[in-house]
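So, here come the structures, one by one.
Common to both upcoming complexes is chain A, partnered first by chain B, then by chain C.
And now, the complex of A and B:
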């Protein structure tokens, strides 16, 4: 991270009520702390943090053509919400094929990161339905 | 093998009913919601007519003593297997020792009042006079001819793990084939033999009123509350054969709809008859709710029966396909 940007980031940071901000990149890491209005910055240009891999999201796709349902037809509440932790195998959504309802299941345990299709939308085979942040890679 | 854990009342084993014995005084019995029973059975690859447990009083719980495929249909009653929630109208598989809980029926977009617990291969009770339904009046059929009690154990026809593919469900027929009038469940009926003997005002109000299902309503019959229905002149009738769906009007002027456990004869004037295809709608209407009657014709009644037959055929086709696919996976 270019050193000249630290001042700008610190100024933005001062305008928030965030107490701790850590930025990591291939060039090093920046830690900003805010305490009683004063800001301390630690810039570490050591390459030790370059091993931090970007989070890889699982994409859950439609196993069949059907109408994607984000909630059960009898229910008002969605089956899952973004940020919710789901165990492997739990139902994230449904595919309606005529009278039949098929589950869209979590392939492994994770946190729901995105619902990619609106409720009651016709989808094709392989359509991307959910993003899931796996809890164990 | 399942064991009834609840100190239950009015829970019985039912199939689609016992037909062809009304002339001997043997009533029909059978599920109050035949579509829920048939739908649950089809999810499991069972015959539509396989016997299941009809639950009318909640909460309700059973323990599986051996692994078994099952389906819960009918009222949406927040079913869960141990602590895992189960969607309405859904099939699952229980491991030995697991407990299936049914909670109070929910007030969702559709509110039912009876749930069906279907088991892989059907509930294995003896077939009496062509049916496994409990005949409470005659104390035969079902499980020992009586309602289930805490501690009773029932066998499934096809117990075991992985015997039937499970883990999918159905869109409830109340949503697939809705029939609502002015926000109330609507029931199609045919005018019956004594319809013309009621006053014109009573006939009009029969169609326009919101009929409340009173607490004196059960598998034998539904006593409705609403405007008084009057005959032009009193009539005396000999007792004659009646079937589930017949709407009688006794002296008080408040109608009674005969339901699955109705006795096969009666002598009150009959104002109308619920069409066979809509008996399930009434069978699921909760006590305290209001229903409306829609005048129908013989042709419409047959068309409605065809519509439910088509729905069941479609469910059968899709569930068989899905079962085959899940079985290969």
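And now, the complex of A and C:
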């Protein structure tokens, strides 16, 4: 199983209340465990890696007052989707103040594990906007 | 009328403004720091927005965050309360530049009165009596020596941009003038970024008397009588009365007539407080505060007028609708500022309030944002409540105050209630025989 798939499945898994997930297939098996927000992953011996180190979700918060936008006002598509891999600095969302649009940037590279605020919602300083599963170096 | 008012403040004054807005049918927006997320002013507002971390410079003094909060909530007016940005002329200008209404005086008047030298020059030209001293900024130490010799020692060297006692030094004899000059200038430069200073004769036993003024945009000006704020410690007021036990109605009327004429000629708008020193039957202007005062409730109690409501009405352009002859004074009111401080050492005592009981009954008012379970944060001013009593006479008001202080219960943190209990039992206070120096001496004796 490619590592990026493990990361994506881990990100989806992080958004659930499930404690244990086992996936078995012709290419091997993957076991994910979730405990107090920390995720561990084990791949079988035939896979390209043996385990993921424990992962803690990063929470991206609002650095300013604003109206949170999940997509640009002129576009239909969201700026990011859950499970999408992000490079550090990539714009995840926007904060609108009047005519001004402030970017909400990914603080580090990772996989989007959750969008915590609905599009077009007023938020204050420190509001939790995104969860990111950091990519291991 | 306004569609929605953002209150750029916290604590009891934010709550006080919310109450006036609620009675006027105007929705409110509370702004708060992360430390105040559970504060009562946030809980009781129609909407709230977190504008920054605990430090005031990052939240309640954060102009872009406050203007952003107004923009995203659709507020069309901002009430600054007192402290924080309330006397910041640049903030008032920015509010207006964003198409919002600043509920307060014009930026020009805020700026003029913020510069104590400019304020005194304006009042001199309007015929308001001043304390003897320099005509304006002192050019050098030689001029300070010359003026001090003319007016007589002791003298005060005061910062043009000063307030709260900062940048202010006393010289009781000529030998002390050199040091007072240098220390005051250094403090002024550090605190205000402006080392301009001026000199005033230091009165030995003055009372602090202030007049509550109100003016509309149509040049109608009235006053709501005086407050006696002589009970101060380190230039911070602790107890205020309306009216003053030292003034007669005739003196109040005469001072009020002078003050209203001056503000009318100045074209002043909204609330303001003209502060005077009073000694030997003479008044001397010291400064004007271009905002709502902490102690405004004692005026409300004796006049029966909601000052915040009047501020909001005037800010919409409405005329006063009444004149000086319509303002009547009834009874006597006293306010105690209850601080979260050790009553003996005055060290701040922030922390968890485990239980809270406010006194009540006829003529008793408590303006506070405290509640059982709230946390008094360490980041802001230590005042946590104002106890205001009103009665037909001063002796009755003192009796009511004594009774109310005994009922006041704040559990979990220390407050200055015990200090106020000692003050109301002091013979000098009961007799109304005190000056601005009395409380310092009283505290040092006890």
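The rule is short, and it goes like this: the second predicted complex is superposed on the first by the 82 of 137 C-alpha atoms of A that agree within 3 Å, B and C clash if a C-alpha of one lies under 4 Å from a C-alpha of the other, contacts with A are read in each partner's own complex, and residues count from 1 in each chain.
In this section, a residue touches a chain if its C-beta (ideal position, glycine included) is under 8 Å from a C-beta of that chain, and two chains touch if they have at least 3 such contacts.
Remember, it's a predicted structure, so these values are computed and weren't measured experimentally.
K.L.:
What does the overlay on chain A give for chain B and chain C, a clash or a fit?
P.N.:
Once both complexes are aligned on chain A, chain B and chain C fit side by side.
K.L.:
For A:31, decide between first (touching chain B), second (touching chain C), both and neither.
P.N.:
A:31 contacts neither chain B nor chain C.
K.L.:
So, does A:121 touch the first partner chain B, the second partner chain C, both, or neither?
P.N.:
A:121 sits against neither chain B nor chain C.
K.L.:
Which partner does A:91 reach: the first (chain B), the second (chain C), both, or neither?
P.N.:
It touches chain B, and chain C stays clear.
K.L.:
What is the contact status of A:103 with respect to chain B (first) and chain C (second): first, second, both, or neither?
P.N.:
In the superposed model, A:103 contacts chain B only, not chain C.
K.L.:
Mind working out whether A:66 is in touch with chain B, chain C, both or neither, as first, second, both or neither?
P.N.:
In the superposed model, A:66 contacts chain C only, not chain B.
K.L.:
Does the superposition put A:74 against chain B (first), chain C (second), both, or neither?
P.N.:
The first partner, chain B, only.
K.L.:
Closest Cα approach between chain B and chain C after superposing, in Å?
P.N.:
The answer for the closest chain B-chain C C-alpha pair is 7 Å.
K.L.:
Starting from the residues of chain A touching chain B, keep only those that also touch chain C in the other complex, and list them.
P.N.:
96-98
K.L.:
Once bound in the complex, which stretches of chain A touch chain C?
P.N.:
On the chain A side, the touching residues are 64-67, 96-98, 122, 124-127.
K.L.:
Can you check the complex and tell me which residues of chain B touch chain A?
P.N.:
76, 87-90, 106, 108-110, 167-172, 175-176, 311, 314-315, 318-319, 322
K.L.:
Using the touch definition up top, name the residues of chain A that touch chain B in the complex.
P.N.:
72-76, 91, 94, 96-103
K.L.:
Applying the document's contact rule, which stretches of chain C touch chain A when the two form their complex?
P.N.:
On the chain C side, the touching residues are 34, 48-53, 59, 65, 68-69, 71-73.
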